[in-house]
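Okay, so subunit A shows up in both of these, paired with subunit B first and subunit C after.
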Partner chain A sequence: MSKYIKLVHFEFNRFSNIFFILIGITIVSQIISVFTSANNYLGNVNQMVYREGMTKEQFIEQYDYMSLHQLTDSVWFVGPIALCIVTLLIYLFFIWYRDWFGKNSFIYRLLMLPTSRVNLYMAKVTTIMLLVFGLVGLQLLLLPIENMILGIIVPSEYTMDLPVYETFTYRYEFLVKLFPKTFMQFSVYYSVGLMGVLVLFTVILFERCFRWKGIAIGIIYCILSALVFTSPLIVQSTFLDNFFYPIELLGLIVITGLIVTTASIMVSLYLLKNKITV
Partner chain B sequence: MKRYWKLISVVLVIFLGIGIHYYQSATAASNNPQFFINKISGSSDEGNNIKVFGEISTTEGYHENLYIDEEETVYQKEISYLEDLNGMFFTPELKRLQNDYLNFMRGKDLRPVQFFEDETYIAYMTTDMVFSGENFGPSKTTFRGEVLDKQTNTVVDINESMPNQNVYDYAFVEDVQMINGDLKVVVRQSKRVVDGDQYSEEIHVYTFDTDSQMLINDETLVSETNGQDILSDFDDIDYQEYLLIQKSNEEGTDSSESTKESNSELIAYNFESSKLIELPISKEQLKYNTIIIDGSKVYMFKIAKDSLETLVYSIDEGKLLSTKTFKMNGLEEGSNPIIKIENNKLYVINTKKDRETEASIVVTDLKTWKPLYEGAIKNANLSEYQEDYTLHLNSLYID
Partner chain C sequence: MIEVKNIRKKYGGKTVLEDISFTAEKGDITCLIGLNGAGKTTILNAIMGLTPIQSGQILINGEVLHKASYEKISYIPDTISMSPQMKISQGLQFMDDFYSSWNHKRASELLDFFSLSENERISRLSKGNIAKLNILLGLSLDVEFIIMDEPFSGIDLFSREQIAEVFTSNLIEDRGVIITTHEINEIEHLIDKAILLYDGTVLKEFCTEETREKEGKSVVDVMREVYQK
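Coming up: the complex of A and B.
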């Protein structure tokens, strides 16, 4: 266990500089977005209400209340989110390939460690999860703060004085995609994401073991996983004609998801133990 | 421990961020208005089986589905994801069928009009339309029905193509009845009138023999260019004596067609005898806002300020019975209350409520015309919830 934690610590530290830079960019950029959006909005209020004599109600009718919703239109707000997503997507590959590339193959030393290779694999998976959920947690902590700053800058008659979780339920389509309404949905979405990561790791290990041939095997493995995972949906929409109730369908998808997840872990570990080449 | 500070702080951010957000959103509903049905007079037995569904909206654009019963309000967001998956907004009757006949109910549209239930049978019918690109209508329409015999637990399948299917643009099932072992299906279908943009809407009754599983009869009840309304209770899946049809009273461009067919605008179709009966009710009387059929009696309701005038026509006796008027607070001439008849009781509920007004509920015995129950929807945490809101009720169920 302590070896596993040490490995997680090691893996995390290898990326922590970039990670904390990402966090810094996100915080700074999103706070900027609060100010620019609020300024924009107040500029409109000035123009329409004070100069052109629009009533407050008409203005709200046309421009809506000031809220986090307007922020999600701002590139300062969405930009860092996109940057984080892209960086993590690249790092999904790099977390493996950096061990092979470079002056002296680091993977050689890693594989020689007097510890089970399960730990090696699990440490990489855990690190990815820490990075993803770390950014998710950061964003969820940032939103109320941004909401609060908005409330301070913009006069209260132009804001919806609602806490963030309230506003989630009916407005911010973009944010609701990242952070679904209920914790249950959140768990389902991010579990599917984790499964995807595990399948990708398997593909990478196939490639590392068999090189060009491995890529072909990997692609086949990918397609196979996708078919297995979505098989309840395929069956439902083709020849079974809505046979399953939604809850049964969810149950079946959980099962096929677990099958794909377990298979990916087993195959990865097998490759890592027996087939890996440096 | 000290060397792990980065790891530990990330884990902390994860648990705090995700934890606080989802904890707050899970417990948020308690801040919303909590409605309940408050009894004013009458027997509480009549009030505690009422369940109303609706939608709340605030001036700021927030809206959420909910239902209210005697004790509490349940918001859609309070319902767990798993429960929500199966849908909260279909009728309690279908929910019960789904519970009791899990396998029979698989893969069926959850429209109550497509179901029928009595002591022996549960019947279901749908029209399966395959659309083609040539004309806009379906190229192929098939009836797909199932009848479950509750005692023997056997299912009869029906798979029949619709007659003259290439003429019609669409066909929807509007009612299903089992009459002496035959399945009668009311279908609303539309066809394009030759060279023109005019559509003609027809109401058919198709009869299927459940022994031979064949279509044995096709009756056309009405055919109108202006369209017509079926005035049956759409949530009801029980046996009905009559189907009530109201022809559109709009003056269409070619009113000649509708006038030569019949002068009456209200038609009742008897499912057992297959007879069409024209109800001699004048246009003036038909101006009543809501018309409901229950058994062989047609109820017409005229809504006025704080009162409801009821006109009853008995099809069996062929005449108008007495007119009754009773008081109900909060009604306006233009308001559109939910009116429902079940077990010989009349349920009327105001559909709109905001901070100041209350939505009243009145239950009346239809035999004696005596009030059984009077209540109002109240907000239990009025003082805590400061926002302005409007509550729109859209359906009423009696459990």
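Coming up: the complex of A and C.
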């Protein structure tokens, strides 16, 4: 097994306990939200339709059909998604700093492994991507199951016969960003996400190499990266008065994105190879 | 042979190593001696590629350090080099997974010798046992060179004796060793070469045997001469 794969396996295992806890929390919490939301809805049906004599149509007009979009208002449903996002955001830092701080000086061993330091870097990047895709995949698997449970609990005349994805992303735009509908959208959103991770890793490595000075360099690097990446949009809106067609603009953003991504990888690898200090 | 040639390092505007040069031969124990802040650990970190240098060169068997060098040289730092969350057994497995020079049999022998339990979590080890585990991890690699940073620092008498015993064993024989220590008495009779450092510079480099025979001076005698001038 190549050392890169071994490192990915190792890095993943280091987070696996928390990862599986997140998975557990997400499943339990969202299933709870399905049952509580469905029960509340049926409670309202009983109250309004059967006791107070409201017609079915009036009820639906007032309370809407029951579907996944009603769940996205529940803390039990969105809470675990937010928890996973926050945990992974914190882990973006922790995946590096855990090897330096406290009683931990595992970075000595990692830097002395008889393998290229590129593998060390790539293993951390890959682990983050695996964790993200793992949690996104879990959510996508859960949605039809949750929809099915809803369909079992709530009578069909009160449910909306729309695709699962449409009902899930109906209310909140951020859910569309997290769970894009098309492969193209998925590629764009998650490539931008990956680029952000790589820029952040570069900032962290600047800090690890040059400490306080590194933080300043890192912030400048971050601003420069943002400027380079968004430069087509800036130029388009300030100097060129919508000169480019949208597809051309997208092409330019892809190019600037690739520049920032490549620069971040190159700078990170240079720092890791030549400037890092324990 | 490890060759350190005119290395210079600045840290935070301060020069911490200034034109340091020395060699460490295979089969010899080379001891870097100096007060705190003399630059001993920084030199070892620089040899292992764990901290950058501004100028100079470090060669291991005539080559600049590269990834394969870590199968030829092993470092025993004065801090635990394994993840504290691991059990000792997981640490040994990690070494086995990544180093082709890992000698499983020797690791088991050293585990018994130091009376360490494989199931013990590293974060729960005492300072003495951490030093022993570090030595186990370093010596269980079939490498040509071993470098050790303060292996006797801050540990109890019995652990020190056990570690000193390792120095007289065949585990060290035939390998090139660079060691830094304050506890010079523990290993004075074993040292082949001493390098006296002060404030990031080499004050004196000498062969202990030769100095003993020709001048009748021990390492401590030479240290007194140099540092108390």
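Just so we're on the same page, the second predicted complex is superposed on the first by the 263 of 278 C-alpha atoms of A that agree within 3 Å, B and C clash if a C-alpha of one lies under 4 Å from a C-alpha of the other, contacts with A are read in each partner's own complex, and residues count from 1 in each chain.
Definition applied: a residue touches a chain if its C-beta (ideal position, glycine included) is under 8 Å from a C-beta of that chain, and two chains touch if they have at least 3 such contacts.
Everything numeric in this text was worked out from a predicted model, so none of it was measured.
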item: Touching partner for A:Phe183 - first (subunit B), second (subunit C), both, neither; value: first
item: Partner chain in contact with A:Phe12 - subunit B first, subunit C second, else both or neither; value: first
item: Touched partner set for A:Met160, first subunit B, second subunit C, both or neither; value: first
item: First (subunit B), second (subunit C), both or neither touched by A:Leu141; value: first
item: Which of subunit B and subunit C A:Val228 touches, first, second, both or neither; value: neither
item: Contacts of A:Leu111 with subunit B and subunit C, given as first, second, both or neither; value: second
item: Touched partner set for A:Ile25, first subunit B, second subunit C, both or neither; value: neither
item: Greater subunit A contact set [subunit C / subunit B]; value: B
item: Subunit B and subunit C contact sites that coincide on subunit A, given as residue numbers; value: none
item: In the complex with subunit A, residue positions of subunit B that touch it; value: 3-4, 6-7, 10-11, 13-18, 20-22, 24-26, 28, 31, 60-64, 77, 80-82, 85-87, 98, 106-107
item: Footprint of subunit A on subunit C - complex, ascending; value: 45, 48-52, 67-71, 74-75, 77, 79-85, 94, 97-100, 123
item: Subunit A residues touching subunit C - in the complex, by the definition given at the top; value: 3, 6, 10, 14, 99, 103-106, 108-109, 111-117, 274-278
item: Contact set on subunit A toward subunit B in their complex; value: 5, 8-9, 12-13, 16, 65, 130, 133-134, 136-141, 143, 160, 162-166, 168-171, 179, 181-186, 188, 240-247, 250
